[in-house]
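Reviewing the structure listed below.
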Amino acid sequence: MTLIDLANPTRFLQLTARILPWLAAATAILLLVGLYQAAMAPDDYQQGATVKIMFIHVPNAWLAMFVWGVMSLAALGTLVWRHPLADVAAKAAAPIGAAFTFLALVTGSLWGRPMWGTYWEWDARLTSVLILFLMYLGLIALWRAVEDPSRAARAAAVLTLVGALNLPIIKFSVDWWNTLHQPASVLRMGGPSLDRSFLIPLLVMAVAFSLLFVTLHLAAMRNEILRRRVRSLQMMQASRRSA
Amino acid sequence: MRLSGSGVSCVRGGREVFSGLDFAVSAGEALAVTGRNGSGKTSLLRLIAGLLMPQGGSIGLEGGTGELTLPEQAHFLGHRDALKPALSVTENLAFWREFLGGEAFDLAECLAAVGLDHAAPLPAAFLSAGQRRRLSIARLLAARRPIWLLDEPTNALDTSGQAMFAALMDDHLARGGLIVAATHAPLGIAARELRIGGAA
Amino acid sequence: MTALAALIRRDIKIALRVGGGALIGVLFFLTVVVLMPFALGPDLALLTRLGPAILWLGALLASLLTLDRLFMADHEDGSLDLIVMSRTPLELTCAAKALAHWLAAGVPLILATPVLGLLLNLDATATAAVALTLLAGTPALTFTGMIGAALAVTLHRGGLLLAVLVLPLSIPVLIFGVAASQAAITGPLAFGTPFSILCALSLVSLVIGPFAAAASLRHGLD
């Protein structure tokens, strides 16, 4: 079992067919455990039970960025190695990333309602995520706009990489433009400031959501491969000798 | 039914393409318009189709359906095939049948007549140039019009396609139809020739 | 009638399928609205006050952007020749194309308004007022924009020329659309007055648009 084997779409379909049920089961179990722990976690002394939105919100926000990273790697695969699975991976990831980003926005604004008194506040972090969401939608629009998948793949790869370079700049500019949000509290210098009773469920949820992404991504890649096969079968059907 | 033009002249972009052109075609007849490139074959067809206004002279139809104008009784098969790649072969044809109106002919039969029955549910984007031309020809069958205005109809068609189209044109003429075709290649049917723009 | 219904069905189908522009219009609308706070600053009170104007400008630009292809696509593939030759009066055909365009590209803009209202901190009344004025006013944008689209296709130019031709025509719609929204939110004017004028503008454009577009198509094709 080498990487070359995986690169072959047929091998990929066979392998993922075996792996997917296990992945799905693991995702379900971890999600249940994480949700249970989250429910058992104590209320925050300031925010009350509202703080529990965090266990959904934070993993979604992490994945929103992580998926763009996955797509950037796939984009490199498309542009540098012209790998057939790379553009499938990039295309399949975009709607999933957009969904995670959308959930991060929705949970963030639900969290913001009791905290700030409005559903939406133009603070730096929410705004950055909103821009990320727009970029996902633009990418999906690009995939949809071009009929030929391999041409669309190269265009989308360029856009993904430019986006990956631009995201830190956007983040910095927006931070500079306005800061109201609470500062980063898990990944910061000097160790996490979060209490262990919050941290562990949060990490479990983060792993569960990552597994969820992997499961969905593999399933979406399978669909995309099959969709392309249908497409090429149709093209063969069309070019059959006209009577 | 008789389609005729007298003293027709055409000016495009300030340049006189042809002038003083006379022609006449009757029901059951085909007129092959020939001439070198730029002699105005396409322009003549577009004049008859009412898509261009003649600079002088007149084009008229005698004995057609009274309340309809000449363009409304004509099919125009141009260089561009009027197909939408996003729609399937059947959807494309069904649209033109409904839009052009008239008697409802069976789409599957029309597609079979042009040899595209196997491609019916596929997106038109997958068709080759010759197949797109065949699908445009199917439009002439899906909605019946007595006058066919054809611009280089056999372009992109292979030999069997040309034979198929010649048979369809013969059928049309036998039913009392009328054909004006601009062409370089022989049409494969009996046709009078109208040469415009002098020697080739 | 079947011809017009077939045309409307076809245009909507194409707009919604792969390569169609209907959803890109909504995305453009969203992007324009999101850009505004970066230029104006994140002051929610200010954004609330300017909200209806921002939404109207966004909708105006988005509907203009998608109008570009209204006749251009049919011209490029030769469909327009057949449409002009057909037994259906060209004015009705133009009206049907504009209606299809409004259904596929205009209605999604109206549906997106509540979400964007949330971003601009508009309350429920204000959002409803803007959505209602857009519902009454976007047909006017489509039907006047159609004239520009028809002119652009006969001149073989699209894009910016279309914008320059059409934007001045849509000023009255913008004035009364924003005025009606503001009236519903803050007063002091009654909502009914500007809203009735807005509806009247839409009805007038419903008549003028198809005739002007058909006339320019008839004389401009070659």
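A, B and C label the chains in the order they appear, each numbered from 1.
Convention: contacts are C-beta pairs under 8 Å (C-beta built on N, C-alpha and C of every residue); 3 or more make two chains touch, one makes a residue touch a chain.
This is a predicted model, so every value here is computed, not measured.
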Averaging each chain's Cα atoms, the one nearest the global Cα mean turns out to be C
Taking each chain's centre as the mean of its CA atoms, the one lying farthest from the centre of chain A is chain B
Which pair wins on C-beta contacts, A-B or A-C? A-C
Could you state the distance in Å from the CA-based centre of chain B to that of chain C? 37
Just curious, how far off is chain B from chain A if you go by their C-alpha centres, in Å? 54
Could you grab the centroid distance between chain A and chain C? Build each centroid from C-alpha atoms only and quote it in angstrom. 34
Any chance you could list the residues of chain C touching two or more other chains? 18-19
Which positions in chain A touch two or more other chains at once? 147
Residues of chain B engaged with two or more neighbouring chains: 85
Give every residue of chain C touching chain B within the complex, in rising order. 2-3, 5-7, 9-10, 13-14, 17-20, 76-79, 81-88, 221-222
Inside the complex, what are the residues of chain A that reach chain B? 147, 234-235, 237-240, 242-243
For a test of understanding, state which residues of chain B touch chain A in their complex under the given definition. 85, 114-119, 122-123, 125-128, 130-131, 134, 160-161
If you look only at chain A, which of its residues touch chain C in the complex? 109, 118-123, 127, 130-131, 134, 137-138, 141, 144-147, 177-178
In the complex, go through chain C and note every residue touching chain A. 18-19, 23-24, 27, 30-31, 34, 37-38, 41-42, 44, 47, 118-119, 121
